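Right after this note come the structures.
Both complexes shown next keep chain A, but they swap its partner, so chain B is in the first and chain C is in the second.
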Partner chain A sequence: MSTTTSPLRPRRSPLLTGLMLLYLVYTLVPLLWLFLSATKTQDDLLSSPGLWFGKSFALFGNISDTLTYNDGIFLRWLGNTLLYVVVGAGGATLLATAAGYGLAKYRFAGRRAVFAVLLGAVAVPGTALAVPTFLMFSNLGLTNTVWAIIIPSLVSPFGLYLMWVYATDAVPHDLLEAARIDGAGEIRIFFTVALRLLAPGIVTVLLFAVVSTWNNYFLPLIMLSKPNLYPLTVGLTQWSNQATGVGARPIYNLVITGSLLTIVPLVVAFLLLQRFWQSGLSAGSVKQ
Partner chain B sequence: MKTTHRRGLRRLVVATAAVTAASLLLAACGGSDDSGGGDQPQASPDAVNAALEKGGTITYWSWTPSAEAQVKAFEKEYPNVKVNYVNAGTGNDQYTKLQNVIKAGSGAPDVAQIEYQALPQFALPGSLVDLRQYGFDTFASAYTPSTWTAVHAGDGLFGLPQDSGPMALFYNKEVFDKYGIAIPKTWDEYVAAAKKLHAADPKKFITNDTGDAGFATSMIWQAGGKPFSTNGKAVTINLADAGTQKWTGVWNQLVTGGLVASIPGWSDEWFKALGDGTIATLAIGAWMPGVLESSVKGGTGKWRVAPLPTYDGQPATAENGGSTQSVLKQSANPALAAGFVRWLNHDGGVKPFLESGGFPSTTADLKDPAFVDKKSPYFGGQQINQVLTGAAGSVVKDWSYLPFQLYANSIFGDTVGKAYQSKSDLNPGLKAWQDALVSYGNQQGFQTNG
Partner chain C sequence: MLTLTSEVDGQMAESAVLRPRRGWLHRDTKGWIFVGPFLAVFALTFLAPIGYAIYLSLFREQAFFGGNTFVGLDNYAEVVRDSKFWEAFLRVLLFLVVQVPVMLVLALLAALAIDSARLHASSFFRIVIFLPYAVPGVVAVLMWGYIYGNNFGLAADLNDLLGSTAIQPLSKSWMLPSIANIVTWEFVGYNMLIFYSALRTVPEELYEAAAIDGAGTVRTILAVKLPALRGAIVIATIFSIIGSFQLFNEPNILRTLAPNVITTYFTPNMYAYNLSFAGQQFNYSATVAIVMGVITAVIAYVVQLRGSREAL
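Up next, the complex of A and B:
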C-alpha cells in the first residue's frame, strides 16, 4: 500500500455508494427474512410470503417453544457452545498470542521451518482433517467428550500468523531491551509490556476464533454422537433434518427461531468489539 | 435457499462417510478380526431369553419418533435391562457417525436403526451380527416377503423389519375434482393427467421431482428393473435394463415437458405445496399418512389414496423407505441386543410403533381388521389402509440395493440430477451415474461390471 496521505474529505462517488447500498440490502435481507420467519407458527411459515409477517405474531411463543422443546435441549446446546467458545477460542487466542510474540521477537533456529509449517496449516481446511482427527481421538478415548471439540479448537494457525505479523510491528525491540536492562524477566515482559501493546491484535484474533468456534459444525458432527454434548450448529441441523423421510416431524419454526437466537450473541460480540477489530485489520499494512 | 446448502453439506458428509466405509471394506477383506466382541455367550434362542433375564445395559441409536416410548415400555417389561437411547441424527447423519465408530473399532451402539437401502453397506463388510444364530430366521412368516428380503444380505439375516413403505398414489381430490381428472390407473393415464392439470393451471403440477435417488430406484423397482446385483465381491450395475427404460419412457415425458414441480422433497416449500394444491399427487411409501396428518394441516380432508399406477394395469408396486434394527458386531452383549431387537420389531415394541403412525411390516398387523378397516378423518373418512395393505402384498420381487448405496445416492444429483435440471432425457444421466458407480465400486475392491 502507498504511504501518501489521503485527502481529508474524499469525493463522494455515486457509483460506490450505490454498490454499497446494494450490498447492504444483500446482507440485510436474509437477516430480515430470518427475523420475520421467526415470528410465524409452523402453519403460517408454510402459508405466508417470506418477507412479510404472517397471520399471527408468534415470536414469543416460538422462543419459549424453542427453549423448552425436548426438555430444553436447546439451552443445553447453548451452554455447550458457550463452553466451547470460552475455553476453545479463549485458549486459542492465548496460545496464538504467546506463540506469535515469541516467533516475532526471538531469534532461534527453525523459525523459517515454523513459518513454512504455519503457512501450510493455514492452507489446509479443518474439514479435511476432521476424520483423521476423529480416528486419533477415538484411539485416545476422547470422542464423545467436550475435549474432542475443545482441543482441536485450541489450534488456530491463522490466529498465530496474524499475531506474528502484528507483534513484529506493535512491540518495538527497543522497549523490550529497556525492560531487560531494568531487570524484568521474559515472562514478566510478555505479560506486563507486550500484552498491552498487543491488545488490538488480540481482540482481532479472539473475534476470529470466537466466530469460527461458534460456527464450528463439521468437527462436532463427526466427534459427538451424544445430543447432550452438541453445540447449537449440530443440534439445529438435527432439528432441521427431522423433517425428512419416514416419520418426518418438521419443526421449521423452531429451527428458524433457534437460528435467530444463535446469531444474536455473535451480532452483539461484533458490535462491541468492532472498534478493536478495525484497528486490528489494518495491522501491518502500513510501515511506520 | 437453505435446502440446497444443506444438500451440499449432506453430500460432503456422505462422501466422507463413503471414504470411511471404503477403508472399512478393505479392512474387512484383510481378515475378520474380533471387533470388540470378546467372549460371547453361546448363541441360541435360549441365550437371548437368558440375557434378557440377566439384564445389562445397551445403547440404541434411532431417529424413529416412537423410539423413546418403545424404550420405556421395554424397560418396564424387562426391569433388569437399561437402554441408553440416543438420537444420533436422521439417516445420513447417523450413518456417518456409525461408519466412523465402526472404523475406529469402539464407540458403536449395540443396536442401530438402519434403512433397508443402507443395510448391505453395513452388513456385507461384516459390521452387523447375523441373527440366524439366535434362531430369528424362524420369524420369516411374521413379515411381508419384501421386508424380509430387505433385512437379508448375502445369506445372512442382519436385522428385523421395523416398518415397510409399499408405494401408493396419494392424490389431492379437491384438485382432481376441480379439473375433472380421473384417478390414473396406468402411467400413461398419469402422464395425460399431468398434461391436463398443468395446461388448466400452469401453477399446479402433478407431482414434484428434482432428482431423488430413493424415488428413482423405487420407480425402477416397480417397473421390474433390476439394475443392481451383488454376488460376493462381484457387483453388476445395469441402469439401462428393460425395467429402467420402461420407467424413463414415462418419466422422461414428465421431466422434459416441465410437468413436474422443481421443489425439493422435504423442504419447507414442499410441505407448503402439499397443503395448497401446488403438488397434486405423490407416489410414495405407505408411511406418508402419518407425515401428512401431523405436518400438512392445510391438506386435511383433501388427500386420498389410490393404488400406484402401473404399466399394464395389473397391481404392482415397490418399497420406498423403511428401516430395520440391527445388532452391531462391536456390541459387548449381542444376545441382549438381539433380545431388544426381537422385542422391538416382533413383540411388544410393534404396538407403540404403530400408535405413533408407523406402517407395519408384520403380516398379523397388516391383516388386523381394526387396522385395515380404520377410517381416516384426514383422508375424508377413506379406509386408506385397505389400499395400503393391498400394496404391501403386491411388491415386485427380487430387488436389491448396492453395497455402496449411500455413496450412490449422494452422487445421484451430480449425474442424473443434471438431466432433471436441464429438463432433458434421463437415460444419459443414468448412464453417467452407472459409469461413476462402476469406477467407484472397482476402487472399493469390488469386481464391478456395468
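Up next, the complex of A and C:
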C-alpha cells in the first residue's frame, strides 16, 4: 500500500480525527437508536428517552414476536429475500464479470455502440422502466412470480462498469497472449486465467449486487401483490403502514425489530468480507 | 503505464479507445461471447420496456368504448402543460442542486481525510462511514421516519429537552431537508468509497515528485489528488443526478407518516407511479416517465461531456 512506502509520512492529526469522529457520530446515532428501540416494549418506546434503554430489556421477546407474528411471515420474507439475492445477485455478478472482461480485453465491432447504449439506458429513471416492465411481465404472466424479481435483478450496469475498470488493469495482455500461443480457447482462458485474477473485483461486484437485491423495494412493490412472495423490504413497509394507518394496530416494536434483523446480515457480510472487497477496490494501487 | 483513472477517462470520452496496443485482438468478434449474455438480459429488462413505454405514450385509453386510440404526441403536449409534473420536477431539481453538492463534498472530504495518513484508525473510519450503504433504503427511511416522529422519536426528545416544539422534521417546510438528510446519510459512505479507491490508484511517484517540489498538503491535494479524482467525481455526480431525479422510496415511505405533506405527485417518479397504479392511466404515466428519462439522460450526458473536457 502506498501509505507504508510513502516518503511523506505525515504525523497523525488529532484535529482531523476529531472532525471525522463528529461525522462518525452522525453515522452511528440512528443505528444506535434502532438497536436501543428494538430492546424496548411498546410502552417503553413511548415513555423512555430515545438514546437510552427502557425499563425492561425486551430485545429477545421482540425478536421472537417478530419471527412468529402472523404465522411467521417474517421468516417467509427472509427466505424470499435470500432466494432473490442468491439467484439474482449471483447471476448479475456472473454476467457483469464476463461482460466487463469482454469489454476490457477485446476490441470488437459494435463495442462503442454497447458503451453508448449502456450509458444512455442507465440514465433512464426507474419508473420509465417500471411501468412498462410491469405491463410487459403482466402480459407474459410473470407478475406475482419470483421471476418478476429475479430477471430484472440480473442486470447490474454498475457492476459491469466496476468489472470493466478492474479487468482493464488486473488482467495483463501478455498473459492472455501467452495463453493463446499455448493454444487455449477464449472461454478456457477466461475461466482458467482471467477469473482468478479478477477474484477481488468479483467479490466487490457480488457484494454490491447483493446489497442492491437485498434492498430492492420499488420492483417487488409493483410486481408482487401476494404477501407470501414479498421480500423483507416490502413486508416491513406493509407492517409500518399497518402501524400508522387508519384503525392502526400498534406494531411499532415489530417494525423496529424487523428492521434491525434486516440490517444485521448485510453488515456482518461487509465486515467479514472486508479484506476481499477492500482489496478489490484498492488493488488498482498495487501495480503489477 | 496508464493509470486506472486515465484509462477510464479515455473510455468516458470514447476517444483513443480503439488505439491498437499489444495483446488486443483487432477486429475480432470473440468479445461478443462475453458481452452477449449480459446484453441479452439487458435488452429484455432495459431496452424492451423503453420501447414499450414509447409505444404506450403514443396512445390514449378511451374512457367509454375501451381500447386504445393513437393520439400521436398529444400525451407529451399534456405533460408539458401539466402543472403537477412541473411542480414535482422543480422539487427534485431543488433537491438535486442542494443535496448532491453537500453529499459529494462530505464524501470527498472523508475520502481525502482517510487517504491522508493523518487519521488515527483510518480503516475503522472507512468501514463505519460506509456502513449506512449496507442498510436497506427502506429500513433507513423507516428508521429516520420514526426518529423524526413526535411519538417516540429523537425529534420529540430534543423538543422536550429544549422545552419547545420547534423541531418538526415531518412538517411541510422541513420535509425536503429531512429527505435530503436521509439520502445524505445513506450515500456519503458509498461515494466516499468511490473517491477513496480512485485515490488509491495514484502512483507513488507522483507524491514523491510533489514532495521533492516542496508541495504541501493543500498543494498536493489540488495538483495531484483532485485531478486523479476527476473521473470518479464525474461518475459519482452522474449517479447522484440520476438518483435525485428518481427520488421515490424516501417520500413514498414517509408519506404514511405525513400524508398531508407529501402529495401523490411529490416527485416525478411518485407521480408516474401513482398515475399507473392508483389511477390506471398507464399511457400518460409512461409519457411522464419518458419525459423524465429524457431530461435525466440529457443532463447526465452534459455533465459527462463537461467533466471529461474540463480539468478541475
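Assume the second predicted complex is superposed on the first by the 261 of 288 C-alpha atoms of A that agree within 3 Å, B and C clash if a C-alpha of one lies under 4 Å from a C-alpha of the other, contacts with A are read in each partner's own complex, and residues count from 1 in each chain.
Convention: a contact is a pair of C-beta atoms (placed from the backbone, for glycine too) under 8 Å apart; a residue touches a chain by one contact, two chains touch by 3 or more.
Since the structure is predicted, the reported quantities are computational estimates derived from the model, not experimental observations.
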Partner chain(s) touched by A:L135 [first = chain B, second = chain C, both, neither]: both
Touching partner for A:K226 - first (chain B), second (chain C), both, neither: first
Touched partner set for A:Y252, first chain B, second chain C, both or neither: both
Contacts of A:N144 with chain B and chain C, given as first, second, both or neither: first
Touched partner set for A:T244, first chain B, second chain C, both or neither: both
Touched chain A residues, chain B compared with chain C: C
First (chain B), second (chain C), both or neither touched by A:I181: neither
Which superposed partner A:A96 touches (first chain B, second chain C, both, neither): second
Partner chain in contact with A:L46 - chain B first, chain C second, else both or neither: both
Intersection of the chain A residues that touch chain B with those that touch chain C: 45-46, 127, 130-131, 134-135, 217-218, 222, 237, 240-241, 244-245, 252
Chain B-touching residues of chain A, taken from the complex the two chains share: 42-43, 45-47, 127, 130-131, 134-135, 138-139, 141, 143-144, 217-218, 221-222, 225-227, 237-238, 240-250, 252
In the complex, chain B residues that touch chain A: 2, 6, 9, 12-13, 16, 19-20, 61, 63-66, 86-91, 93, 96-97, 100-101, 103-107, 163, 165, 266, 268, 271-272, 275-276, 285, 287, 290-291, 294-295, 297-298, 321-323, 356-358
Chain A partner contacts - residues on chain C that touch it in the complex: 1, 4, 7-8, 11, 14, 17-18, 20-35, 37-39, 41-42, 44-50, 52-53, 56, 106, 110, 113-114, 116-121, 125-140, 142-147, 151-154, 156-157, 185, 189, 193, 196-197, 200-204, 207-208, 211, 217, 235, 238-239, 242, 245-246, 248-249, 253, 256-257, 268-269, 272-273, 276-277, 282, 285-286, 288-290, 292-293, 296-297, 300-301, 304
Chain C-facing residues of chain A, complex: 1-3, 5-14, 16-17, 19-20, 23-24, 26-31, 33-34, 37, 45-46, 49-51, 95-96, 98-99, 101-103, 105-112, 114-136, 151-152, 154-155, 157-158, 160-161, 164-165, 168-169, 172-174, 176-177, 186-187, 190, 211, 214-215, 217-218, 222, 232-234, 236-237, 240-241, 244-245, 252, 255-256, 259, 262-263, 266-267, 269-271, 274, 278, 281-282, 284-285, 287
